[in-house]
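Next come two complexes built around subunit A: one with subunit B, the other with subunit C.
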Partner chain A sequence: MTLADYKYADTIHRCFRCGYCKFPVNWMDVNNCPAYARFRMETYSCGGRLWLTRAWLSGEIDWSDHLAEILYSCTACKNCEVKCPLRFNVDILNMIIAAKSEMVEAGRIPSSVKKFLENIQRQGNPYGHPRVKRGEWMEGTGIEPYQGHDFLYYVGCVGSYDTRAQEVARALGKVMQKAGVSFGVLGNDENCDGNEVNKLGEETLFEMLAEENVAQFKKLGIQKVVTLSPHSYNAMKNDYPMFNGDFNVMHYIQLLDGLLGDDRLDISGGYNATVTYHDPCFLGRWNNEYEAPRNVLKAIPGIQLIEMERNRDSTLCCGGGGGNFYIDLLGGSERSPARIRVREAHATGAGILAVACPNCLTMFEDAVKAEGLEEELAVRDVSEIVAEACGIK
Partner chain B sequence: MDIIACIKRVCDTSEADAIKIDSSQRDIEKSGLAFKINDWDEYALEAALQLKEKLGGTITAVTVGPQEWNDILRRALAMGADTGIRIDHDVASEDPYIVALILKTVIQRLPHDLVLFGAQSEDFGSGQLGAMVAEMLGIPHATLVVSLEAEENKIHISRELEAGTLESYTIELPALLTIHTGINQPRYISLGGIKKAMEKELQVMSPNDLGLSVDMLIPMVKLKRLELPPKGKEAELITGQPEATAGQLAKTLKEAGIF
Partner chain C sequence: MDSIHQALIEIVGEEQVSNRPEELYIYSFDLGTTEPHRPDYAVAPRTTEEIQGIVKLANKEKIPVVPLGGGLSLAGLAVPFKGGIALDLKRMDSIIEVNEEARYAVVECGVSQGQLTTYLERYYPHLTHSEPGAPPQATIAGNVAIHGQGDLAHPYGFNSDMVNGLEVVLPTGEICKFGSCSIGASWFTQHPLPDLGLFLGWSGATGIITKVSLRLFPCKSIRGTGLFVVENEELVPEVMYKLSHTQMAEDIVAFSQAIPPFASGLQHFSINMAADSEKELEFKQEIIWDDTLGEYIRSGAGGFLGFVRGLQRPQVSKTSDWRKGGGFEYVGSIMPVKKYPECYRRGREISERHDIPYTVLGRCIGAAHSMMFSWTYAFNRADPETVKQAREALHETDDLVLELGGTIWKPGLYGQKLAMERLDPNTLKLMKKVKQLLDPNGIMNPGNWEVSQ
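Take a look at the complex of A and B:
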C-alpha cells in the first residue's frame, strides 16, 4: 500500500495539526482525546496519528509495533471529529480507521487486537467464550426467546458475557417485563453486532457479521430492535442499512424515556442519590442522544442530577471504545481515561456515576476500584436505577 | 528457500468446560466447538513467512485430515503460503507414527530446504511428529526452536531447554525444525484474506495416491479411552473484614498442611 492507493490520499495532508482535536467543545481541558490524556504525546492525538499515517503510507517511516499501538489506542470516541474546525473533519476518524484496515490486511496489528478479532471470528464475541454460553445471562429471568414479539432485545457481547454487565442486561429485561413490553431475545443464537470490529478496521469481518445479523433478523420477521449497548445501536442504526438492514432500532434509554412519557413505568419507589451522568460516545457524539437519559434520571423521585463539567458532546470517553475495553491500550495508569473520568465524577460530589453503556460500566467499575473510591462512588447503569425505582429486586 | 510447513486443526479449548467426551469415549463432541490452526503451527507458519520475505522461495502448507480441515489450509494460504496440500485421511486420535509416515511420503516428493512443524499439538500434545518425520527423511532436526536465522545452505537456531537455558546450533540444509511459541508474533489472518484464499485451489490426495496401502497404515498405538480430569474440591470462599479473614485464611492453610 502506498499513499497514492490510500482512500484519503487527497485529503490527509490537510491536517496541519492545529491541535484542536484534543479539546472538548467547551475548551475546558486539553486532554479530551482519551489516548492523548493517557500518554500526553502529540503522536497519540488525532492530528499526530494522521501525520504518522501519512508518513507510513509515503514510506517515510516503517510499520512498527509502536505505530500499530498508537493507531489502535484511538477509541473512535469522535471527540476529534466534533472539534476539528476544518471542513474535512467528517473524515478524520475514517482516515485512522482506514489506516487500521491496512494493518489488518497486512496482518500486522497489536496482539491484543489480533486476539479480539480471532475470538469474534471463532466464537462471535471478543472474549473467546463459547457461543453456547451466550444466553446463560438470562437463566431464571423468564425472558423469552424471540418469537414474533414487538421488539428484539439485542444484548450484545459485553452484556451477554461480562458478569457485571449481565446484571444490567437482567435489570433492563425485568424493567421491560414490568412495563409490559413485548420483547424476546436470541440467546445463544445472538451474534456480535460488529461495531468494534468495524472501528478496528476489519471491514470484511464486519460485513459478514452485519449480513448474517440482517439475514437472521429478517428471517425471524424482526422489525424493531432495542439494544442494551450504544455500540450495537450505532452499528444497527447507522451501518446495517448499507446491508439492507432497515430496522427500527432504538437504544434502551430511548425506550425507557418513551415508557415514562406514556406512564407505563411506576417509578414511585424513587432513588435517593446524587447522580452524575456520563454520556457514552456511541450514544452521544455518534448519535446525538443527550436528553433521553437525562429525562429518565430527572423523572425519578429522589434523584439530584448534577453534571460533570465535560458533558454531552464534550464528554471524555471512558477509554473503552474501539475495542479498548478488551485490548486495553490505555490502561495501567492514573492517567487512564476511565480513572480521570471517575475522579471527575467524584469531584462533583455525586455518590452515583450513572452510565447507559455496558462498556463504560465495566471500565468505570475497574477505575473506581483503582482509585480506591468504592466507599464514595458507585457505578450504576440507568436501567438498574430505574429497576430499583420500580421496586424490582 | 523452499519451505514446507506441516499444520494441524485443533478445537479452540479456551474454555475447558466446553469440552465433552463423545459416546465412543475416544473423541470429543465436536458440535458447537470452534476450530483453528494449532497454536504452535501458526508460529511455524509465521517463521516460514518471515524466511520467505527475507530470502524468497516458496511455502507449502501440508495437513493430514478429513475435508473439514481445508479451512486451516485456507487460513495458511491467507497468511501467505503459496500452496496447500491435504492428504485425505482421518487422523482423529491416530498414532503419530502413521501421520509421520504419510507426511514423510508427501514431503519426499516436494522440493524442500526446510521443513517446519509446531513443537506440539494443543490437543494430544505428544510432540513426536517432527522428530519422527526427520528420522524417516534422514535429515537433521532440532526441536523446541525459539530463534532462527537462515543462510543459503545452513540455518542457525537456538532451542529452549529447562529453565530457559538456550542451546545453539548451526544446521546444514535440508533440515527439519519444530517451532516453539514465542519465536515470533504470528500475523492476523483477516477475513478478507481468507475470502481471497477461497479462490485458490487446494491439492487433495489420498494415502493411496502416495502409494500407501491400508495395511501400511495400521496404527502401532491405539487410543483406549479419553477421560476428563476429575473435578477438584470446591473452592472455599472466605468473606468478611480483612482483620478476621486473614486469621481464617491462615488457619485454613495450616490445617491443609501448607504451613
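Take a look at the complex of A and C:
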C-alpha cells in the first residue's frame, strides 16, 4: 500500500493540526478527544493520527504495534469531525477508518482487534460466546420471537451477552410490553450489527454482516426495527441502506419519547433522583438525537435533570467506541475517558448517571468502581429508569 | 533501554515519555515551512517539579530541551534543531487563581487561550483577557513568551506587557519567581522590583515558564465588531490614528486579502467595540461611524459594512486550506502605523511573485504606537515546490521588515540571524552573557537566539 493508493491521498495532507479537533464547543477543556485525553501526546490527537497515517503510507515511518494502537485508540466518537473548522471535516474520521482498513488489509492490527473480529466472524459477537446462548437474556420475560410483529427489537451484542446490559435489555422489553408495543426478537438467530466492525476498518466482514442481516430481516418481512444500542441504530439507519436495507429504524429512546407523548406509559410511579445524562456518540454526534432522552427524563416525576459541562455535541466519549469496550486501548488509568466522565457526572451532584447505550453503561459501571464512587453515583440506563417509574420490577 | 530514557520515566512516568518513532516524528515538526528535526525523546510533564527534574537531568547530561505550548508559532520556534527532549507542556493546564479585585489570573503554562476565555465567560463574565487570533489551543505562556498580542492590544499593548509575574525553571534547574509573588505577596504586579525581563521574547532559550500571572480587563456585556472599508491603502494610517484617538474601540485591525476575489485590493477594518448599555453602545457607534469615519463615508472614500454583535474567534487555520494544502506561515512585524501602505504593496508584490494569494493584516498596538503587521503565505504541504515558494517569500519578507524600519515579531532562525546582524554590538554581547549565565551548557531550545561571536 502506498499513499497514492489510499482513498484520501488527495486530502489527508490538508490537516493543519490546528487542534480544534481536541476541544468541546466552548473550548473549556482541550481533552474532548478521548484518546488524547487518555495519553496527552500529540500522536493521539486526530491531527496526529492523520499526519502519522500519511507518514506511514508515504514510507516516512514504518508500521509498528504502537502505530496500530494509536490508530485503533480512536473511538470514532466524531468529536474531531464536529469541531474541525475546515471544509474537508466530513472526511477526517473516515481518513482514520480508511487507515485502519489498510492495516486490516495488510494483516497488521493489534491482537485484541484481531480477536474481536475473529470472534464476530465465528460466533457473531465480539466476546466469542456461543451463538446458541445469544437469546438467553430473554428467558422468563415472555418476550416473543419475531413473527410479523410491528417491530423487530434488535438487542445487539452487548445487550445480549453482557450480564449488566442484559438487565437493560430485559427492562426495555418489559417497558415495551407494558406499553402494548407489538415487537419480537431474533434470539439466537440475531447476528452482530457490524457497526464496530465497520469502524475498525474490516470492510469485508462488515459487508457480510450487513448483507446477512438485511437478507434475514427481509425474509422475515421486518419493516420496523427498534434497537437497544445506538451503535446498532447507526449501522442500520446509515449503512444498511447501501445494502438495500431500507428499514424504518429507531433507537429505543425515540420510541419511548413517542410512547410518553401518546400517553401509552404510566410513569406516575416516578423516580426520585438527581440525574445527569450522558449523550452516547452514536446517538448524539452521529445521529443528532439530543432531545428525545431529555424529553423522557424530564417527563418522569421526581427527576431533577442536571447537565454536565460537556453535553450534547460536546460530550466526552465514554471511551468504548470503535470496539474499545472490548479492545480496551484506553483503559487502565485515572485518565481513561470513562473515569474522567464519571468524575464529571459526580461533580454535578447527581446520584444517577443516565445512559442510553449498553456500551456506555458497561464502561461507566467499571469506571464508577475504579473511582470508588459506588456509594454516591449509580449508572442507570434510561429504560431502567422508565421501567421503575412504570412500576415494573 | 537507555539510561536517560529510564531517568525520564522515573520523573514523569512511563506513559509520558516516548522515544518511539511515532512520537519523535510528530514532535519533529512545526506547522509552518521549517524543516523537521527529530527529538530523541518526547516528554509530557504535569508539574513544575517534574519539569525541574527533567531540566536538571538534561543540564547534567547536556541534552537539549525544547519547550512546546500549543505549537502554533509557525516560525519553527519549538523545533528540536539539535535533538534532545521535546517538552510538551499542555498537561500543565490548571487555572490556579483568578483575582477579581486586582484583575489577574495565575495559570500553569499549558493553559490554553480557549480554556481561559471559556473559564472567564463562565465564572467571571465581567473579566476578559487579550485573546490572540490563534486557534484556541495556543497557550497563555507560549504567547507571552513570544511577545504576542491579542484583541485588547489597542488599549493595553502586547500580551507580554500584561504579565504580573512568572514562575520559571532555569536551565540549571532552579525554580525562580518574578514579580510581587517573589516577595511573598500576591501575583498582582511585576513592578517596581528590579527589571528581570529575561524570559519574554527569548522563545524558551533562557528557561521554561511554568506559571504566568496575566492581567485581566473589564469585559463589557455587549461586544461586537464593525466593518469599514476603504479602497485607497494610503488612507489606512490616518483612519487608524483617528480611530485610536477616539479611545472607543477595543481592537482595530486593518486587513486585505486576495480571497475572495471581490474583496481583493480593498482595505478592510474590523473594529471591536464594547458597552454595558445600549446607550453606551449608541454613543460609541456615533463617535466612530459618524464623527470619525463619517467624512470618508460621505465622500465615498470609505464604506460602512455593518456591525455584528458578539465576538467571533477568528478561525485562522482556514487560511491553511486556501491552496487545499494544509499549510501557511506568516511573517509578523512590529511596524510604525504609517508604513501600512508600503507594507501592503510590497507584501502583495512578494505574494504575486511567488504565486501565492496575498493576505496582509495590521493590528493597532497601543494608541497607534505601532502595529503588528503580518504577511501570510499559504502552501500545499504535499507539494514541496509550494513549500519552497512560501519559504522564499517568508525570507524576502523578513528582509523587507528590516528594510522598512520594523522589527520582526517572533522571528524564526532566518529572522533571528537578520536581527542579530543589526543588533547593537554591546547589546549582542549582553545577550550572550545573559545566555551563558543562565544556560551554561546551552541546553535550552538551542539554535534560537544563539549569539555566535
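Criterion: the second predicted complex is superposed on the first by the 393 of 393 C-alpha atoms of A that agree within 3 Å, B and C clash if a C-alpha of one lies under 4 Å from a C-alpha of the other, contacts with A are read in each partner's own complex, and residues count from 1 in each chain.
In this text, a contact is a pair of C-beta atoms (placed from the backbone, for glycine too) under 8 Å apart; a residue touches a chain by one contact, two chains touch by 3 or more.
Source: prediction; values computed, not measured.
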After the superposition on A, what does A:159 contact: first (subunit B), second (subunit C), both or neither?
neither
Mind working out whether A:28 is in touch with subunit B, subunit C, both or neither, as first, second, both or neither? second
- Classify the contacts of A:105 with the two partner chains as first (subunit B alone), second (subunit C alone), both, or neither. first
### Touched partner set for A:67, first subunit B, second subunit C, both or neither
second
Output check: A:323 vs subunit B and subunit C. Expected answer is one of first, second, both, neither. What do you get?
neither
Next item on the list: In the overlay, answer first, second, both or neither for which of subunit B and subunit C A:204 touches.
Entry: first
Partner touching more residues of subunit A, subunit B vs subunit C, is chain C
Per the touch rule above, subunit A residues touching subunit C in the complex are 13-20, 22-23, 26-30, 39-43, 48, 51-52, 55, 60-62, 64, 66-67, 70, 85-88, 333
The residues of subunit C that touch subunit A in their complex are 15-16, 18, 20-23, 25-27, 29, 31, 42, 44, 70-72, 88, 90-91, 93, 112, 114-115, 117-119, 121-122, 135-137, 315-318, 320-321, 324-328, 380-382
The residues of subunit B that touch subunit A in their complex are 12, 14-15, 18, 32-34, 36, 79, 185-193, 195
Residue positions on subunit A within touch of subunit B in the complex are 104-109, 111, 113-114, 117-119, 121-123, 128-133, 202-205, 208
